[in-house]
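What follows are several structures.
In the two assemblies presented below, subunit A is common to both, partnered first by subunit B and then by subunit C.
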Partner chain A sequence: MMDVGRHPKIKLYAYSEVEKVSGYIGNFKVKVRKKARYVDETKCNVCGECVKVCPVAVPDEYQMGFSSRKAVYIQLPQAVPSSYLINMKDCLGNNPIACGKCAEVCDKKCIDYDMQDQFIDLEVGAIIVATGLDVYDPTQLDEYGYTRFENVITSLEFERLICAGGPTQGHFIRPKDHQTPKSIGFIQCVGSRMERRGNPYCSNVCCMNTVKDTVLLKDHYPDIEAKVFYMDIRAFGKGFEDLFKRSKEGGVKYIRGIPGDIEEDPKTGNLILTVENTTTGKIEKHNLEMLVLSIGFIPRLNPDPIQQLLTLSRTQDGFYLEAHPKLKPIDAPTKGVFFAGVAESPKDIKDSVTQASAAAARAGIILAQDKLTVEAITSIVDKELCTACEICYRACPFKSIIVDKEKKIPAEIIEAACAGCGTCGAECPFGAVTMRHFTDRQIFSQIDAILDENPEEKVVVFACNWCSYAGGDMAGISRLQYPTTSRLIRTMCSGRVDEQFVLYSFQKGAPVVLVSGCHFADCHYIDANRWTQRRVERLWDKLERKGIRPERLQLEWISAAEGQKFAKVMRVMEEMRKKVTKEEIEFTKKALSDLKPKGTKKVKVMAKATA
Partner chain B sequence: MKLVNFKFRHKLNTIIGGEAHNFCYQCGACVGDCPAALYSPAFNPRNILLEALLGDEESLVGPDSVIWDCTNCNTCYERCPQAVRPVEVIIALKNISFEKGTNPPGVKSILDSVKESGRTVKTSSLSDRRRKELGLKEISIVPLEELKKLLE
Partner chain C sequence: MAVSGEELRIGVFVCECGLNIAGSLDCEAVRKYAETLPDVKVSVLNKYTCADPGQNEIKRYIKENNLNRVIVASCSPRMHEPTFRACVADVGVNPYLLEMVNLREHCSWVHLHDRKGATEKAKDMVKIGVARARFLEPQIEKEVPVTNKALVIGGGVAGIQTALDLADTGYQVYLVEKEPSIGGIMAQIDKTYPTMDCSI
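Coming up: the complex of A and B.
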């Protein structure tokens, strides 16, 4: 951290918050609120005179409330920048008549009660989100008595008690009588891997943290009796198993079983714990002088501003969603934004450093270039046809469209930010938006080519580039057999499949049509396939109103690995095709003969394609 | 070597509350606070779940099964991190056992008593007299017709 503070090319804004982010990859504009410290950080040399005279004492958050701090304080001795700050909530008021003692003793005149928040505008090329984590609050699990018994502490509090820089200078004592305990227990998975209360995921670090704690404890106090109550010890990383072994060799007892209610002996303050040792199947009672709850991680409680500012999404467990779980684990779905550390998922220091290094390297790629080369597959807007209705803006998963409904400013695509899914093109009711390399004309021509001869023998399949089309590839590579009647039309995303494409296929005499895309969490364009689903549901209604069986339009999610599923779906589609009669196809053609293309331009396009 | 009896597990899966047994990861959180396990060492909810995972039909719903020791106190429901609801799995097992007729005779007599009088414990002339002596109200009669309809 010190090195970062001193580095000539790194600017650190400590005690600051991001207020606003606009722009796109390579051209982000960020507004930062630098909160008032009330101490001039450039002048302060941490002499400590102000702390001596400050009359306020409040619990020290850094020491988990085990000791107190003053209203003017430094969070931790190694903090960067090395400067005090005044917490105005605790200060007796920035009224020099009321107190003002710190300002009196400060030789360098650093203290300024009238300091205001500053706003700083930055222009940056890439953003790395490293907002960190919060820890699980074990008060919810009442059986462990964290709120009732003083000698039940969390692993974070343990960390302060055994730390040389902690409130006890590293002398390990228990809170109730300030004596070094002779026995100590650790309960694992507090708030982790719990379906009903707590969090369903594994927090990744608590096992090894406890193993490290026991080794540390045994180093300092070899006579202390340590027991760990666990359900699985997940020592999965490099050197982890060795440390686990060292802990066991040091005499730490590992008991497989999660305890029930904890009771306290009111005289001694010792804790009585009932647990089934699942290896022996016997119920044991343990009398322990102290108990440590190994608490898990939870996503940052208040990161919403960041999430909104950067159009990020989250996974079910509340951590930020990466662009792709395997291939792009560092990138956010929004281009030019990267993740480092626990903001993305629970991970230990080593993994955080690995991800941070990768994020820095990914960001460096963007910063090293004067001009950014982007994929040519982007949307384009015909401004003459655009009515600035903002539908495309709502559909765009990347918010890469600038449009103003009130001022009637037609839509414009930010091509650097556009990922090229084509959802905007499919949603535009006026035919104003189309996609390079997947234009309406190209796709109508493909439909024509498929259905010009013997349309009743064909199955029209719209497959997305990343999952369903690759699933078809997988089926081919695996030599899976499926009917030869299917004809695939590739689009980048299933979100590109316009209502018109489907209706036009039916009008041309297609017996059945399949729209296929990635599974919901796997969509390569954040949530563009949600729009596909909505659109297909709309189409089902429309077909039903026209007297056409909606079953003839099918929607399937097929991933790139599901070659088997692809072949199976094709077989099912073939069965459906056989059931569609000639009369039905003729009826459909008639029912859809009045199909009007949206927008004037599309009429021409379609006329050309059919000609 | 014994094989997992999937037939029995499938059967358990079809009964409401029984399907959750699949998620048990044998952590033992249900045992520490179980009052039945405290007094009867043979009764162990974790072990019952393990046997359910193995599909040990004989031990679970046989005539010597320990499942009837369960007091339905729901503590295991509160403790279980996996939301298995051991108490409901045990109730599902009890239902299977009752279907097979391997339940303890006492259970049948309680059921008969409910069908006849609407009460688990029948009233007697002695209990009526005692209530009178203590100045308690007379016990109201259970509307049996309604009960019969409900049971149907």
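Coming up: the complex of A and C.
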């Protein structure tokens, strides 16, 4: 921690948040809000005079509420930057009549009640997301009695009670009577590996954390009776098994079974656990003076502003989705963004440090270069066809289009900022936008190839590259079986799927068409898939007006992790296909025979594609 | 004819991927079918197209037959598109003139028990790939300058380590932490396993 504070190449913005991110790999622009501390951190020398006179006392978050702090405080004694701050929510006010005591006693005049938040603009080439975790709140697991029984605490609270820098100076006591307990129990997997409540995944660190806690306790209090209730101890890392052995040799009892019920003896505050010991198959009761719930990790709670700013996705467990689970575990799907630590998945300190070094190395690959090649798949505008209507500008999630309706200046794409979703191309009513590498001509030609022969036997699927196509890959990797009738057309984003593609498919005799993309929060082009949704809704209306069943056009959001959903949707689509009659297909062909391509360019395109 | 007016010369390379693809569909039938598609000049079967011998064969066929569009019918483009783009670029074909057909993840692995259906679908998939490839155009990747500074969001143990490593490498690092001090959850922990030393 100290090394960060004094490193000449690190500029630390503590008590600050990232407010805005724009740009792309190698060239991000970032706006940081540095929140007002009301204490000048460059002048404060942590003398502590302000704290002595502050009349406010509130629970100390760092000590898990076991002790109090003042409204002017330092988060922890070793804080970096080493400076006090005032929490204005707690402060009596900057009115000298109300209080103002701290400012009076501060010799160095560090305290400034009028300090404002500052905004700092940064330019960076790479971004590392190390936003960490939240811990599971076991209050909802009513059978464990957390918050109902005073002597039931969490493993994080345990850390503060055993720590020499903690509220008790490391004298381990229980909350009810401030006495050192003679017996203590640990319950494992609290909030982890639970299917119905809590979370289904293993939080990785809790087994070893408890093993460590028991060793610490036994070192301090050799006579304490310690019992650990577990389903299995996962001690797979280097040196872990040795520590587990040391704990058992120290007399800690490991009982395989998770307690089903806990009662409190109201007189003593002791706890009576009922547990099925799965080694002996017997129901046991244990009387313990204190209980520690070994709580798991949870991902940063939604909505997480960082997720939206960097257009990140989450896996089903809620942690950030990496670009590839085996081959690119450090990279985010957004280029130039990397993960370090628990933000990506639960891991211990050693693994966090390892991943952090890996993230530094990955980011270093970008930073070491003078120049980078950027996306070639961008849009171009045919200025002759463009009417400067500004629809493309409204649709562009990156606002990478310059156009002026009033002055009739036709649209122009800022290519370095264009990410290549193709939404502008799909929305342009005049066919003026061409999406490189995913042109209308290419896609019409793919539709032709699918539907030239036996169209009634095919399901036409439009899948976005990042999520639904990848969901299809996941179905394959997981060997999930589905019918052979589906034919995929990949676009970078579902936002690229033009109305014309869908209508043309129906006109060519497609029984059913699926448009699929990322879930809303997951779209790799910020919110381009919102345009997909609007467009599909428009199409449903259009089909209905023409007497075509709108259900034949389906819209599904499938993430890269949802192989199962992809396979299921394919099965559902096949069931729908079977229900579409030949007569219905013929009727649709006729109803859409007057399909008018938008813009003159597209007339040519479709004529060629069908030729 | 390609958009640019040159004659289209398409090569199709069907990959068996060991038994990953060949195990559940008839690769030879797919290869043969590809020969019948418009503008396809050669259609080749490989055991492992991504391995060096497979890639060398693609390069050889491109050179010998003047191919200007390449279809690799193997696995997901999310997996090997960069591999094959580099492969064709090596012999002077613009990497965007490569088209991948995902026979593995989207066909052989999901239709393990329907050899006939899978083979018919695979043929169709190659046909769709060729249809698209006929309209592919070369693309040029532009170069942009790089700001050689990094932003680290979060000052817990992971953020601290990344910031230090990058700074020690010589890059300017901005470390943003929302709490008043860095340290994160780690700073609340007393001793850490397996070394039983202090966390701070």
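One rule holds for everything that comes next: the second predicted complex is superposed on the first by the 370 of 611 C-alpha atoms of A that agree within 3 Å, B and C clash if a C-alpha of one lies under 4 Å from a C-alpha of the other, contacts with A are read in each partner's own complex, and residues count from 1 in each chain.
Operating definition for what follows: a residue touches a chain if its C-beta (ideal position, glycine included) is under 8 Å from a C-beta of that chain, and two chains touch if they have at least 3 such contacts.
Every value quoted in this text rests on a predicted model; they were computed, and no experiment measured them.
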item: Partner chain(s) touched by A:Glu584 [first = subunit B, second = subunit C, both, neither]; value: neither
item: First, second, both or neither for A:Asp112, with subunit B first and subunit C second; value: neither
item: Partner chain(s) touched by A:Asn465 [first = subunit B, second = subunit C, both, neither]; value: second
item: Touched partner set for A:Glu390, first subunit B, second subunit C, both or neither; value: neither
item: Subunit B versus subunit C as contact partner of A:Pro259, first or second or both or neither; value: first
item: Which of subunit B and subunit C A:Thr278 touches, first, second, both or neither; value: first
item: Touched partner set for A:Asp527, first subunit B, second subunit C, both or neither; value: neither
item: Subunit A: partner with more touched residues, subunit B or subunit C; value: C
item: First, second, both or neither for A:Glu225, with subunit B first and subunit C second; value: neither
item: Contacts of A:Val374 with subunit B and subunit C, given as first, second, both or neither; value: second
item: Common interface positions of subunit A, toward subunit B and toward subunit C; value: none
item: Contact footprint of subunit C on subunit A as seen in their complex; value: 1, 3-4, 7, 9-18, 24, 26-28, 30, 32, 37, 62, 64, 74-76, 78-81, 83, 85, 122-133, 135, 156, 159-160, 162-164, 166, 208-209, 211-212, 215-216, 237-240, 242-243, 306, 340-343, 348-349, 352-353, 355-357, 359-361, 363-364, 366-377, 415-416, 436-437, 439, 441-443, 445-446, 448-450, 458, 465, 469-470, 472-473, 475-477, 479-485, 487-490, 567
item: Subunit A-facing residues of subunit C, complex; value: 3, 76-79, 96, 102, 104-107, 109-114, 117-118, 120-121, 124-125, 127-128, 130-132, 134-137, 139-196, 199-200
item: In the complex with subunit B, residue positions of subunit A that touch it; value: 143, 189, 193-198, 231-232, 256-261, 273-278, 281-283
item: For the subunit B and subunit A complex, residues of the former touching the latter; value: 23, 25-29, 31-34, 37-38, 41, 44, 46-47, 75, 78-83
